[in-house]
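Please read the structure below before turning to the comments.
Just so it is clear, A, B, C and D label the chains in written order, and each chain counts residues from 1 on its own.
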């Protein structure tokens, strides 16, 4: 088993297969890593209902095995949870989680050698409040009646407890202001090749559809992780067929194409940018949640953005936001956590991306992809 | 690693969040929470600081919860005890507390001075979703400083075309028009209007009456936001109890008829003058975190902090929310004080019964009767001072927590008139003491100083002051 | 003092003197008419007198005069001032004066804030007096607000261990070691080769006087060996360096010679019996040496060394050695040194044309480098001083020289190696003198003969009949039968293409940094320029200092140098080092970066910012640590720090922002 | 006040915050004085030890306080007193410049220049040029109310 290899796998445990999506491979790899002491702990989502789950760090294999299932309405980010913990840890991670973990590693807050990242293909996530409203308004079903959800062929499908499926195309949902979080729409990292493994159902074909996971090994650590699960008897694998590999690439391409379109749609050029930013920020109440939640920020409570910002300043814009704009121009990974938690509903991710898109392109610096590239602001000299 | 799903105790808004115990307290955002979609204000973000650990003590000596509760029982048995709670804890505890209080309960709000038929309107607000669909909103609050989570509802309404009128001393960014609080008569309301005001222990009852009449006369909807978590339940549950006002309590302490004050999760040091509190023989505090009052109290009954508790909270909309903790030791302590064993389950059933619900479900709001109230007569006194210091009460002030609002806001003209230096300070004099504060130039009415911080020279909401460079 | 106008702003009664109260005195200088002729100094003083914290203002004709300074000192005393703002000329010239002035009064010298209202105001706004006055008010206000935030600083001293380490036993390093040794300081001279002497030991004759190189170097090598204060550590390398100025801990590895250096006498009996022959590196690969050998007859120390890579362990040498010095199992040994200063004289190598086959080198037998030519010319060389061509060992008649090989060429090294013109002229001249029948053509870009006797050498060569052709060969080919070298070159002076045939072509290869330079650069945390050479602290004014205090550079590691230059640098290093060694202490910068460990999150962004490697990460605590002895106080790391945990003393963010904020004001309202 | 009306107001003088490094550009400003190179009284110089110390934070703060332009100056590349502080300034400035541009602040309002201690005339010309450019643009849109 080596870097670059692609495989199809599933859990050997029947209950995990049943509970988890796509054959429960990710859950089993995590459980095996914990059981065989490859890691001290793993991160899992403790599910409360279809629209709520709490990320926790656990060393309990049963907790891991019981955690199975993908939740599109739990838009969390794990990077800050595992930062500064000094643990040997394995965790499942969407593209934005992986990018954040890499950025934290660059800032010495996560030890990449001790972190096993199981990347999950991700087409986007939804805000739980929006999802509930969407179920009510568009699907006309009670959120409590939902027992499962799936994204397939461009449709968001909810399965209700009576066994019925309710499907609406994502395009339609998003046209009406529902569906994925805005930053997910223009996200371009659909298959996280920056993680140790990249897992997902894209590329699983034939009888295995829905029963197996397609895995790409991106690093030696990834190979170790998967081999460990196989050796522990948690996982079985086989080679994917050519068609599967092609399908996976095709889906990725289509998703990226869609992402690009959204990017153009969201980021239309503005005439008076300064006035736009000023207007957008005028409802800011200085809660600081956007910084607290920001998974690329490794500062503590005290940082330049907060220390040189004073509520007593009569400025037309706040120092806090200007410094944040600067620090995120190179480091923003577009995870959208800031927008999620803003009490004034400021679309912060959109504002940060207004800086990050051109600056990252111009400086040819993409954060969260390559561990070896230091944050641009570090101004490392090329000697 | 323990994670608790909980509600922010900062005000009565009912914001959901997680608290994670991980060596230190960390907070996490509970995005599925219906009241706030996981979002928190400045106070909510400082909850780890708010939850300062507290220990049970008797006359300054550390002891166990049980011993402290026994001592509390002993000290209230004299018969001259008053019971104070604004809320800030579970419905179940409050229910038990009110039974304990029997003859002398104070919830802090001055219901006495307001007609009984307005009490329900003052106690339970309207769902936040109705704010979003309103056509015209009239604000008697500063949403940015006082109840920040209402802001996104106002913005949503605005996006749908609502007009926002603010009756405030400062131009608020969210408002389309600003009416000077002295010119309330100029307000134009219709039955499509929604009035948002607030009701708290420092509320000027005449002003509350005024706001109520304005709404009544135009058939506008009205909702009162409140500063203390679960005060909705504290008020509803107390409506049949022999409730006394804060002013009455102060008078009774001064008279000497109240010698012992038992406070449940409530800090009167912000509301009752220090010298009055000093007259008490016993201050008994049952609380889950340290605060100004726990340092002064003779007996501290330290139960688990709110986030660890099991129980129900009712927010301003009347939404019942379950706390994700498991502890009922607050009830146990109250049981010791009362001399009976208190069962959580039976109290919980009583709460559900009185709300008319089968289960606590934060996604649906129980039905509340909102009886119409009769027309009121308000007698507003104009402020007779050239310059007034207006205190904008917010959670930091109610909980006496340090924040970064150590300045006053005033207009450019006012600052120019005083020849203040840019970046300099202003001297403010009131009640014989002078303070020197930084100032910030903002679109504030002339000769008004707005402050979101307690300086110690203010009396209530509006304080006449003298100012100089 | 009738030239002083004073205004006290104090109301005596309500004066509370709390210890942390900022009490500012402002001293506005008229500088004769230089300031006073344009800026209304009295208006400035009156304006600032009303600012909070200002206790007294004073206008002086010349604040820097004795009376002006006395005024400051008197006011400090009278008004109990703890901050002094002087609004006058440039701090670059007068700051030290006033710092000393307030220090005499017991105030920390960093409590002075100097405002430039002359060079930056009165002199440049001579015709706008009112506006200049307004600007002066702004500048002084900025200074006052900054002054209130100033904090006391102390320059600190670190003790210096009075021993020195010299890395590199070439002529520059030897000179440095000798000078220091003669001054009475203990010196360790570390040389990675079995003998000191460096490149100079390999030269035949040295220009411009054409002395025999080893004849003048040899005695110097012996002198080094005899100097009681110098310990030579030959066949040794620096492996670790920790610490900073005055206190470097250095680990030296003594590579195994496979024989006991104390027992070996250098008699070379072992070499005689050794059956293995390998190409002789000292002779640039010409001829052979044995697997056990003495590097060259004048080697210091004169000891053998066993080349284990080529040894077949026949043990013949062990039998031949009368003293039984040979030990096949010998391991490297290590010495830990503590030294106060380090002189890096790590030398150079000549450019290697082999990989690129410059001018056919490596393809054609009869294209050789100048260093190879040098060894052939040497009487102790492989041919006993006879120049022969490698293809047939015949003595060449027509010899071509190509200059600037590996120099002045954007494909290799852009710089001029400085010495090649001269050594080429010297080589041609030497052969011509030896064998007048030979014919020499030097193909050059420019001939550079800048120093004493150089131009004369050039003229002498021309008079001898050495031909100079300005042009660079465009094509070099070998005649397959004769093995002669055919060169196509444009004579740019004559403007014609020439086809020349030579028996031997000699390439004047340039001076390049050798492989070991990276290691020493990293160990000593030195800076390296884009050309791969080590960087001096300042190219003009501090040519042998480095950015690291207590570390000096001598010789060709910091750029090509001829022998006199290298020797001077050796002496210069010794002289610079003596300042520290003699004083036994080093003064470190008072203005440095400081870390607040409570705020630092250990992200490490600051580390690569520092050109002086003064920041270390405490991996256990996960906090950055500034080593004050290394910090020069530029503040670049402070800018990079995302948390604000790093601050630069005397230029703290709050201090700079106090100035920024006070550029602006509320315009005065008309009464 | 809009830019157009400002431009019409006679005698409006911009306020320019100029950050200078101790060794070169501050010396350049001194040389301008010694050479009596006259320049508009618009610049307020703030001295730092090295241009590498000029934090974008300071630049932002200058704008928010009311600066009509901010100048970042230092030694010529290769002349840094601290080896390569200005190389880092150059990289950081490029980054800052992009952010300021995206923010919507006119490019004339933030400028970088390398000025040696001997280039007094260059310093004076720089201040004059920037002043002219800013006069055309009018006051900064970030200038707070009532501040000059």
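Remarks
We take it that contacts are C-beta pairs under 8 Å (C-beta built on N, C-alpha and C of every residue); 3 or more make two chains touch, one makes a residue touch a chain.
Keep in mind the model is a prediction, meaning the values are calculated, not measured.
Comparing the chain pairs B-D and C-D, the larger number of C-beta pairs in contact belongs to C-D. In terms of their C-alpha centroids, the spacing between chain B and chain D amounts to 50 Å. Computed centre separation for the pair chain C/chain D is 34 angstrom, with centres defined by C-alpha atoms.
Chain A and chain D have Cα centroids lying 42 Å from one another.
For chain B, the set of residues that touch two or more other chains comprises 415-416, 422, 441. Chain C has residues 609, 653, 657, 661, 664-666 in contact with two or more other chains. Along chain D, residues 55-57, 61, 65, 84, 88, 92, 144-147 each make contact with two or more other chains. Taken together, the touching pairs cover every possible pairing of the chains. Here chain B touches chain C in the complex through residues 415-416, 419-425, going by the rule given at the top. Contacts from chain A toward chain C in the complex involve residues 84, 107-109, 297-300, 302-304, 307-308, 327, 374-375, 377-381, 383. The touching residues of chain C, when paired with chain A in their complex, are 528, 530, 598-599, 601-605, 608-609, 617, 622, 640-645, 653, 657. The residues of chain C lying in touch with chain B in their complex are 51-52, 145, 661-662, 664-666, 669. For chain B in complex with chain D, the touching residues are 412, 415-416, 422, 441.
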